[in-house]
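These notes open a run of structures that come right after.
You will see subunit A twice below: alongside subunit B first, and alongside subunit C after that.
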Partner chain A sequence: MCHCGINIGGVVNVPEVVEYAKTLPNVVWTEGNLYTCSEAGLSSIRDSIKKHGLNRVIVASCTPRTHEPLFRATCEEAGLNKYLFEMANIREQCSWVHSHEPEEATAKAKGIVRMAVARARWLEPQDEPEVDVSDSAMVIGGGVSGLTAAVTLANQGFKVHLVEKEPQLGGITRRLGKIYPTLQDSSEIIDPLIKTTTSNENIQVYTSATLKDVSGYVGNFKVTLKKGTEDMKLDVGTIVLASGALNYEPPKGSFQYGVLGGVVTQLQLEEMLARGEVAEPERVLMIQCVGSRTGEVWTYELSDMSQSFAARLLSKILGVKKEEGWPYCSKICCMNAIKNAIRIKELWPKAHVDILFSDLRTYKEYEDFYRKARALEVKFIRYIREIPPEITEAPNKKLNVTAYDTLAGVETEFLCDLVVLSTPLCPSKEDVMLARMLKVPLGPDGFFMEAHPKLRPVDCQSDGIFIAGTACGPKDIPESIISAKAAAARASILMANRKLRTEALTADVNTDLCIGCGLCEELCPYGAHKIQNGKSTTIAALCRGCGVCAADCPRHAITMRHYSDRQILAQVEAMMA
Partner chain B sequence: MSEIDTVESTVDTEKAKRVNFDPRILVFTCNWCSYAGADLAGTSRLQYPPNARIIRTMCSGRIDPVFVLEALRDGADGVIVTGCHPGDCHYVKGNFRAEKRFHFLKMALKQLGVEEDRVRLAWISAGEGEKFSLLVRDMTDKVRELGPNQLKSSTIRSTSEVRS
Partner chain C sequence: MMVEKSALVIGAGIAGIQASLDLANRGIKTYLVEKSPSIGGRMAQLDKTFPTMDCSICILAPKMIECFRHPNIDLLTYSEVREVHGSAGDFTVKVVKKPRYVQADKCVGCGICADHCPVEVPNEFDSGMGIRKAVYLPFPQAVPRVYTVDRDHCLDCGLCQSVCTAKAVDLEQQPVELELHVGGIVVATGFDVYEPFRITSYGYGKYKNVMTAMQLERLLSASGPTGGRIMRPSDGRIPRSIAFLQCVGSRDQRFGYPYCSSICCKYAVKDAVLMKEHRPDSEVYIFYIDLRVFGKGFQEFANRAKKEFGVKFIRSSPGEIREDPETRDLTLWYEDTLTRTVTSLKVDLVVLCTALMPRSDSVELAKILGIDTDKFGFLVPSDSVGQPVDTQVPGIVGCGYCLGPRTGDIPDSVMQAGAAAARVSEIIMARSV
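This part shows the complex of A and B:
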């Protein structure tokens, strides 16, 4: 039993649950640890297995989704088959959700432990089947993250298929003029990367290509690509998802965007500067947090219940009216605005640049970048979101902006040539389709969700798929490159081994009970059941362990390894005990 | 009222409700979406009544209606089967199968005279921690209104007895 510091111990009376566990049938040894996942806790598991001859081990702590592999490995080190380990989740599903009810939480923890013990009694050792892993990878997206991941994998000798839906590689990075904080041309970064990618003989690039279908599983994904009218089939072992993000465009009329000519987004300004379309301005005004940190979440198809929690909270507390946009901070816009302000100042030292911000977040070394802008006399003026700046047309193609300056406490007018909106990176609508195809979840903001935000930041919940770059949230270029290299490294672990042990969660047919009705064959989504000589047989290599067959078998002839009827019913029974 | 007061008074009202009847709710979750959604409710510290116990299976398609019947027979006051949203199933279409069986389960329960609100099917994604907590809260309230499950005292033989 783990206290997890105060995470569990602060709510659940752990010593009481330890004492309770001693009274459960078959329990011969119990112990409370401050942190069971610490080396002390783990060595105690190993020692107890040997000392007390344990043949089942249960850890009551956090979620198996993060810590089960660690505890299973510990059991294996002590010679216990890892399928004889069971976990009771008393943190995420108990102490953290009943923080104000210590007594009820303690009673619930006892119940959860009792259920785990009941299940553990029926656990059986399992052998894990070994599958071959194809040593080729598919990278989805040809932006800076996708290119980096592709090159990293190819340099390790793996065959890489790089799929990009646009006709050109480079993603958003290619559209940026300069990059912060070095103010070098983005082409200095992206062009060599594109060249290395296209000249690498291990990388096959497919531009103007989209995914049509993905089936299979880790080590053996079967991918269908669509390029023009042509379909192509690929067999890959791993997938790196680097589909990137979009630059949010405000709806027409918001801050006069799309209505008045001089109102543009930062990305549009960069493209205009790169093409030399900007005449020397007298004054440029930038507005931060346009379409980000808003009170409303823009959802696609996901249920509105989960999406709008932060939004509803905000509107309740702050009374923020409904705004179009995204609830999160996009992290890069502050530095991006400062970068463009410095560029304008360097191009035209006489031009005035004002930045209207609600909160400025220039973390790490970007504080120096902010100071540099201040030294160049870029003015930072704080506005509040409840009183957004108003933009009207002025003579000579100028724009008149009225904003409430919170420092001076007065409304100030600005006569500007350009109004630049700092808009966030946001997920694209295609992500929903992509998520369905790959069977990976989207998070509350609509970005792809990592398996664990801290412990597994580039893994997807589905094995063999890894996330790089802005597909899982706003990132700047260095962060995108870091995550791309991390994703490539994670993918290469699988491919370098060439073999993979898959979880032994397959179906097992009792031929004495089977009447050969063929329902399992009909229902199995993977074709893992075949009727031979009037009886069903399982092809273990194809079985993914969903258990549809076992639940539907009219004769209860199919047992799911590690999720058998007995194990589940024992839990049901123990819940009520 | 401060935020802490609000929380405490909510807890008090909840406790008052429990004096009469404290329902026992069983939630089946699939490993990939809804169990992760339940975990997210935890990491987001979204509080819900402590009446629910969770059993994890790999897929909602694993849920044999017998498990639900068995739970009701053993004395559960409500059972929720949760899975990935339609189209999001990790195993392609296991949740569709779960849904199909669920309709038959409801028919069987009707025959047994069990109120149909005692069982519920819900789709919870890994990102829907709030939906999970609201679901448990709502189910607890609904089942509390229904009162204790009467099937418990009936004489239906356990399926495990039948099978062994």
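This part shows the complex of A and C:
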């Protein structure tokens, strides 16, 4: 029984629960620990198993999501099958949610422990299925992340299939003229990478190719590619998802985009600069956060303003339509705008460049880059998002922009040649199809979701699939390269070991009872059931243990290993007792 | 050429731990060297981590234990790298194991020695907020669970030796020198927290209720000196109003460092929400220049802090903090740049979100490794865009905050650790084929 410092011990009377557990049938040894997960707690588990000949171990502590593997491994070290371990969550499900009711929380902790003991009695040792892992990988996407992941894996001797839907490799990086903060040509980064990739004998590149189908499971994915009218089959052990992101395009009319000629996005400006299509401007105005950070309520900032001033602003704010776009911060737009501002200043030193921003997020050493722009007399003006700048047509193909400058407290007019909108990176609609095909989740922001936001940032929740680059959220080039290398590192671990043990929590079909109706095959979201010779069989490596089949089988022919009806009913009975 | 299928990782915070695990799981023998008595680093000191609000040590501890028991990882704690020779694929490294004065193979971690030790020292792990004994375990989940005698403060009374039932205390213990042969080296030495004594207008070190954010994390932490209760250092009262000040010593050309430390806005929002959760009726203010809540999910989280929790954001960098000598309350003088008014605010507690800087010995270590550092002491990548974790010396890579604020937060460090492991694997595997 773990105190978890004061996390549990500060609410639940742990010694009382320890005493209570001693009274439960079949319990031969109980103890309380300050932190059961510390080396002291773990060695006590090992010692107790040996000393008292324990054949079931229960830890009442926190969540199995983070700590079950640790305690299971500890049991294994002492020679106990790890499926004979049971965990009772008396933190998340007790002390944290009942932090103001210590007595009730203690009573509930006793109940949770009683239930765990009841289930533990029916636990059975399980063998984990072992699967072979193919030592080849598929990388989806041929941008800077996909190329980096492919090269990193190929350099370690793994066979890589790189799939790109466009006819050319290079992704969005190829479209950039320069890269911040070095201001080098993007071709200096992307060209050598493409060359290394295409000349590497371990890498097979498929351009103008799309995914048609992905089946199988970690170590043994079966992929069908479509290239033109031709279908190709690949067998791979791991998948690196590097499908990238799109540059958000504002709807027509937003900030006069698509209506007035001089309104462009940053990416369009870069392409125009690269093609030499920009004439020397007198003034260029950039607007940050167009289509990003849309969920913010800035009016809070105005709460301290004098009544009449706030009222005037408020009437303007209420008149504005709800902004379209994405709620997140795209993270790269501030540096990107500064990069293009510096380029314009370097090309035409007399041109004025103004940047309308709400928070300037030049994190890291990019602060130097910001200073460089200011030294070049790029002007930074803080506007309020809820009073978007008004853009109107002016004579001589110019644009007139009116914006509220919060620091000066006045509305300012700008006569510009170009208005450049800093739009975010955003997920592509195709991601939804890709997510469905790979059976991986998308996050609330529409990007692919990682298994754990802190500690598993490049792993997918599905085993054997890893995420690299902007498919997981906005990143700049160095960050994309880092995440791609990290994804390759994680994939290489699986492939180097060649074998993998998978969780034993799988469906078990009693073929005497099975009538081969095929309901399980139809219901299984993972394709783990197949009807063969009139009976259902389970492909253990595909089964995620969700239990849908067992719950719906009309003949009760399916049992979940490690979660049998008997175990669950014993828990329910204990709860009622 | 013979290539050593082994690697050295220097520094055992989250970056070093993850790099070691990624290397070891890849089949590469890994030596993880940590100069302090326990692995865990900065992440072990934090209270909660955004956005799951899981307690930091709770999600870190399983990884620490995994390092400890991994057959491919040799944990060398309380050890320092002294010399490095050779080149990629074939480095020779001299490591010194400093004497703990407690024999690791005998110590059972019972703590009787510390119970009897008469010397009390401010605990570094609690950023000086709590105390420890001269024989100590830095924190309850420390790995390895072996006590260490701090001879700088020890009175040589011998009490620990006489009470130790395991006969583990050995005050005659000598340093041990080891020679390691490795194919690649990962540097993951992390950061120090700027102590803003020089910014006298904020009164840090003079006013008791002005603290750094790291000190606040220790107060918030369940295993901290107050058991997770936030108390004002001056009188132990629970603060009703708290102000967080951003960019103290960072983005600062006068006293501190010109760069942005990348993580302060984000953890301040997290801490502000925690304060509100601890005590919903408290007033929490964040003073900022630019609110830099970039990165996955952070903007959305800051929106919630504003809307749901009522955290107040003030765009200003206060000029001065004054202390009421009676009540020890603090008054901040500032100009709100959005309403363009000069005004003041009285609060119970001020938290300074100070710059992060390289470890004090980072330049010394860089010299031993023969790699470059910038003017602050951070490692310089050989190609900051194309090869962001490589140093100028082939075979030596970096990850985590020692690479500078370009790292940022925990997920960034974990990704860099993976990238560093991949680079080392590339070298070792390419050359061994």
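Basically, the second predicted complex is superposed on the first by the 397 of 577 C-alpha atoms of A that agree within 3 Å, B and C clash if a C-alpha of one lies under 4 Å from a C-alpha of the other, contacts with A are read in each partner's own complex, and residues count from 1 in each chain.
In the analysis below, contacts are C-beta pairs under 8 Å (C-beta built on N, C-alpha and C of every residue); 3 or more make two chains touch, one makes a residue touch a chain.
All values derive from a computational prediction rather than experimental measurement.
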{"item": "Which of subunit B and subunit C A:Gly171 touches, first, second, both or neither", "value": "neither"}
{"item": "First, second, both or neither for A:Arg293, with subunit B first and subunit C second", "value": "second"}
{"item": "Partner chain in contact with A:Gly141 - subunit B first, subunit C second, else both or neither", "value": "neither"}
{"item": "Touched partner set for A:Pro250, first subunit B, second subunit C, both or neither", "value": "neither"}
{"item": "Which of subunit B and subunit C A:His100 touches, first, second, both or neither", "value": "first"}
{"item": "Chain touching more of subunit A, residue-wise (subunit B, subunit C)", "value": "C"}
{"item": "Doubly contacted subunit A residues - partners subunit C and subunit B", "value": "302, 305, 443-444"}
{"item": "Residues of subunit B touching subunit A in the complex", "value": "7-8, 11, 15, 24, 26, 32-33, 35-36, 38-39, 41-43, 45-48, 50, 53-59, 61-64, 66-67, 70-71, 74-76, 85, 87-94, 97, 101, 123, 125-131, 133-134, 159-160, 163"}
{"item": "Subunit A to subunit B touching residues, read off their complex", "value": "63-65, 89, 91-94, 96-101, 104-105, 107-108, 111-112, 115, 302-303, 305-306, 309, 435-436, 439, 441-444, 449, 461-462, 505, 523, 525, 544-548, 550-552, 556, 560, 563, 565-566, 568-569, 571-573, 575-576"}
{"item": "Of all residues in subunit C, those that touch subunit A in their complex", "value": "14, 18, 22, 25-27, 49, 51-52, 54-55, 58-59, 61-63, 65-66, 68-69, 109, 140-145, 222-223, 227-228, 251, 258-260, 262, 290-300, 303, 306-307, 312-313, 315, 336-341, 384-389, 404-406, 408, 410-412, 414-419, 421-423, 425-426, 429-430, 433"}
{"item": "Residue ranges of subunit A in contact with subunit C within the complex", "value": "4-7, 10, 34-35, 37-40, 42, 62, 66-67, 69-70, 73, 77, 152, 155-157, 179, 182, 184, 189, 293, 295-297, 300-302, 304-305, 327-329, 331, 359-368, 371, 406-407, 409, 443-445, 447, 450, 452-458, 472-473, 477-479, 481-483, 485-490, 492-493, 496-497"}
